[in-house]
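Heads up, the next two complexes both have subunit A, just with different partners, subunit B and then subunit C.
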Partner chain A sequence: MLEKVIFSLKIIAWTIVVIFLAFLVEWFYRKVLAHMQHRVGPKLAGKLGILQPIADFIKLMRKRQISPAGTDEFFVDFTAIFGLWLMIIPTMFLPIFGLEGFISFEGDAVLIIMLLAISSLVYIVTPYLFPSPYPTIGAGRRAELYLSYEIPMFLAFASAIFAAGSLRISEIIFAPTIIRNDIPTGILLVPALIVAILSSMSRLKKVPFDAPVAETEIAGGWEAELSGRRLAFFNLLTDVKLFVMGAIITTFFLGGPLGPMILISGLEWILAPVWYGFWFFLKTVVVIFIITAVSAATARFRIDQVLKIFWDRLLYLSVFQVILLILWWSL
Partner chain B sequence: MMDPLSVILLVIIPFILLTILYSLGKVARRETGREPFASGHAFPSTYIPYKPRWLYYIALFILWDIIVIFILFMASEMSLYVITSLLILIATMLAYPIRISKG
Partner chain C sequence: MGMYVPIGPYHPALKEPITIKIKVEGEKIVDADIELGYNHRGIEKLLESKLWISVPFISEHICGICSGVHQMTAIMGIERIFDMEDKIPERARMLRIVGLELERIHSHLLWLGVAAHESGFDTIFMYTWRDRESILDLLEMQGGRRVVYSIGKVGGVRRDVDDKFIRKAKETMNYIKKRAQEYMKAFEEDPTLLARFKNVALLPYDVAVNLGAVGPTARASGIDYDVRWEDRYFGYSEEIGLRVAVRKEGDALAKALVRLDEIIISAEIIENVLENLPAGPIELKFPPLKTPAPGEAVARSEAPRGELIYYYRSDGKRTPYRVKVRTPTMANILSAGYMVRGGYIADVPVAFATIDPCIACMERCIIVDDGKQVRKLDWAKLKHYANKWFNENWHWIKEERIY
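Moving on, here comes the complex of A and B:
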């Protein structure tokens, strides 16, 4: 019984930690994006504006909720909570402070990919709950985008799974370190890494793949009718998703928490998790920085251009990646 | 492998926490019951007559996508079922751009 209580407290603590990590990630994204665009970015709330995302969240939670007559109120509220919940669960499987996640079992890698696929449904279903043209058009674009990036992304993650020869995340983190024919698998996985980063940007609706939310064309698309606590929760969902995508790419392609460690005899129990956490967060921040830099340096593609990129380029690149792995291993 | 109670706790606790956090937000609405669009437009709210056929196709694709991943999850190794499911999934996805290119 006591064991279950401790387990429950750990889940509560971790959920709160993930929410605060998401706020931190949003601050980092906004700050980097602002500097790349010669702006200052958040600066008023807290040192260097680090508390600005929390202030924004509280402000939105205290604002009056507006929704057009005819909106399916219950399901919009449900999807706001359900979407965030779907993104918090995968973080429990990620090996952040050790070689295993908070929870680990054979097949957890596929469970994460499945949860990511289901989470996309939230963005497609929610806009149809509003009787408004902007969310409907945004949802249509979101669905087309999903159709384009899903298979390349799936094949990219599958490449890392094939390379590791395991469906367990605690074994997949070693995939880049496996040396075959004198070449580390991590180098062979570079095409998959590129596909994963670009697909993640599409999943996150970051520029240049932000056609579903294009403010200047469709007034924010599927987000147009969100306000108050709903908007607060969907904004938080986007931040959690940014962290989760960065962390998953780190886990599958960059060795997760693996890195050089300085351990002092007798203090390994505290130093090891600190080092693991340091390397994991450092790599995740680098991935998020790449996503931010690409977003800042590019302009929005039209929806047909996005589809062409994914169907004509990235799908072939991801198939090439799988063939490359098979050929290299059979040599 | 985790015991069923741990799985239930893992699923339920974050959901309850998020529900509590969500319920802390303000819900007050206008007395009239009718709201303007958040986007600022004054036209009356209505469902637009926009039901693209491909939406059903995409809905089926998403369903099939999740089923394939689930099959892979259950199989935990490459089998004829997994390879066939993956091939059907890729063929389903490719059907859409082929249809577009043919007009």
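Moving on, here comes the complex of A and C:
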């Protein structure tokens, strides 16, 4: 009984931690983007504006909610909360403060990929609940984008799984460190890493792949009719997603929490999780930094150009990655 | 089949009220229609009630970006009405050129930022607008204000420039030329920008001629026409470094590159003019209550967006009898309608932005098209229509508590 209570409390505490991490990640993204664009960025709320995302969230929660007549109100609220939960659950499998997450079993890598795939549907279903032209166009674009990035992304993750030879995340994190024929697999996985970062950018709808949002074309696309609490929740969902995508790429391609550690005997029980967490967050921040840098230095592609990039370039790259891995390992 | 998507009158891509009604099938645009008439301001009527000397100071409020060229063209027309065009001191003419070219640079930098923003490249937007600030500082030094700077006045210019201004202007021009070359490199080489600008919003030479395009929009389609070059007003000439930037491609990229070329040319003009600034008086005295002989005058100049025309009619009184302004956006709006058609939804903001639209400058009259006939409403009819509408509808307005 007590074990179950402790486990539940752990889950609740972790959810709150993830939400605050997501706010932190949003602040990092905004601040870095601002400095790349020669701006100051968030500044007033808290030290260096670190509380700005929380302030924005509270402000939106208190705002009036407006939606066009004929909206399916219940389902929009439902998708907002459902989508958030779909994104928080994968974080429980991630090995952040140790070599295993809260929950770990054989096949959890597949579960994470599946949860990511389902969570994309939230963005396709929600806009159709509004009787308005902009969300409809945005949803159509989102569906086309979904069709284009899902297969390359799955192949990229699959190549990490092949390299590890296991479906368990706590074993996949060791995949880049395996040395075969004198070359660490981490270097062989670079094409898959590129595919994964670009696909996760289109999943996150960052420039150059933000055609479904495209503020200057279709006035915000799928989120054009969101307001008040719904917009707050969808913004939070986007932040959590940014953190989750960075964390998943870290886990699959960059060795997760692994890294050089300095331990003092007798204090391992506290120092080891701190070091694991340090390396994991450092790598996640690097991935998010790359995403920010790419989106600061590009213009938005048209949706037909996005399809061309994914089907013409990245799909071949990911197939090439799988073949390369198989050939190298059979040498 | 197909769905109507309204872009405007309130839309993030548009900074001013206008409606582009597009009919789409999927992402393809099959038809487009531009609706105007949201922003009638009655500024021509206001101009008719002002003394000749104060007309330029009202007319510069027509545009918030190219206020200087509106003022200078208004002055040019008034000086023609009073037949004093040839007597303007040389130093005043050159200082007017400095103001106009500074304005051209900041307007084009603003456009570059907006065009990049429409294509999702916010970094260039932030960079160009920061560079634009240095030009606005110079205009503030020259005219005293940042946006509506009132550099000129009838008979000359309002303020002289000092050595500090000349030194700072030369530094800034060096910087701006360097930055313009960097932006040109970005537009020519960046793959994402090329994907959004190359072969988008095509305006072929003969279409541009038929639709009467002006300014950089026309010059990007290969039309070698610049009012500065044709009219040589205020002393524009080859000696001060004037060239006409022309590109042949006619797409959005060419329109961006033409404007970047013009930034560099304008910077060179300013450097040359400030290098050889003639000494002498900066104004010709002009009594405020002076009355002209009855007659009319047309003044035209090259605004950053294209050809700007002022028409005056005088009946010998202290105020103009009639003032008519034709802004470049009015001439280019047909080209915008042409460029929007046949593309994708994603290209509409870029295509529409390529003419550098300035809607509030353009709106002069209301054209009513009720399906049967097209008719224009002038001031009196508009007033009559408004009163009639209010008399018929005031009771339900009162009930709904709209006002």
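Everything below uses one rule, namely that the second predicted complex is superposed on the first by the 331 of 331 C-alpha atoms of A that agree within 3 Å, B and C clash if a C-alpha of one lies under 4 Å from a C-alpha of the other, contacts with A are read in each partner's own complex, and residues count from 1 in each chain.
To be clear about the criterion, a contact is a pair of C-beta atoms (placed from the backbone, for glycine too) under 8 Å apart; a residue touches a chain by one contact, two chains touch by 3 or more.
All figures in this text were calculated on a predicted structure; none of them were measured in a lab.
According to the stated criteria, A:Leu44 is in contact with first (subunit B), second (subunit C), both, or neither; which is it?
It touches nothing on subunit B or subunit C.
Which holds for A:Ala219: it touches subunit B only (first), subunit C only (second), both, or neither?
In the superposition, A:Ala219 touches subunit B and subunit C alike.
Does subunit B (first) or subunit C (second) touch A:Ile113, or do both, or does neither?
first
Of the two partners subunit B and subunit C, which one touches more residues belonging to subunit A?
The partner that reaches more residues of subunit A in the superposed model: B.
Is A:Ile187 in contact with subunit B, with subunit C, with both, or with neither (first, second, both, neither)?
Neither subunit B nor subunit C is touched by A:Ile187.
Per the contact definition in the header, classify A:Leu327: touching subunit B only (first), subunit C only (second), both, or neither.
So A:Leu327 meets neither subunit B nor subunit C here.
Once chain A of both complexes is superposed, is A:Ile264 in touch with subunit B (first), subunit C (second), both, or neither?
neither
Between subunit B (first) and subunit C (second), which does A:Lys63 come into contact with in this model arrangement: first, second, both, or neither?
A:Lys63 contacts subunit B only, not subunit C.
Identify the partner contact of A:Pro133: answer first if only subunit B is touched, second if only subunit C is, both if each is, neither if none is.
A:Pro133 sits against subunit B and subunit C alike.
For A:Thr15 in the superposed arrangement: first (subunit B), second (subunit C), both or neither?
first
Quick check on my understanding: which residues of subunit A belong to both its subunit B contact set and its subunit C contact set?
Residues 133-134, 136-137, 140, 219-220 of subunit A touch both subunit B and subunit C.
In the complex, go through subunit A and note every residue touching subunit C.
It is residues 36-39, 133-134, 136-137, 140-141, 207-208, 210-211, 214-220, 296-305 of subunit A that touch subunit C.
Tell me, which parts of subunit B touch subunit A in their complex?
Residues 1-2, 5-6, 9-11, 13-15, 17-19, 22, 24-29, 33-39, 45-48, 50, 52, 54-55, 58, 61-62, 65-66, 69-70, 72-73, 76, 89-90, 93-94, 96-97 of subunit B touch subunit A in their complex.
Of all residues in subunit A, which touch subunit B in the complex?
Subunit A residues touching subunit B: 4, 7-8, 11-12, 15-16, 60-71, 77, 80-82, 84-85, 88-89, 92, 103, 105-107, 110-111, 113-114, 117-118, 120-121, 124, 131-134, 136-137, 140, 143-144, 146-147, 150-151, 154, 167, 219-220, 224-229, 232-233, 307, 311.
Which subunit C residues qualify as touching subunit A in the complex?
3-6, 11-13, 24, 26-27, 116-123, 126-127, 130, 190, 192-193, 195-196, 344-349
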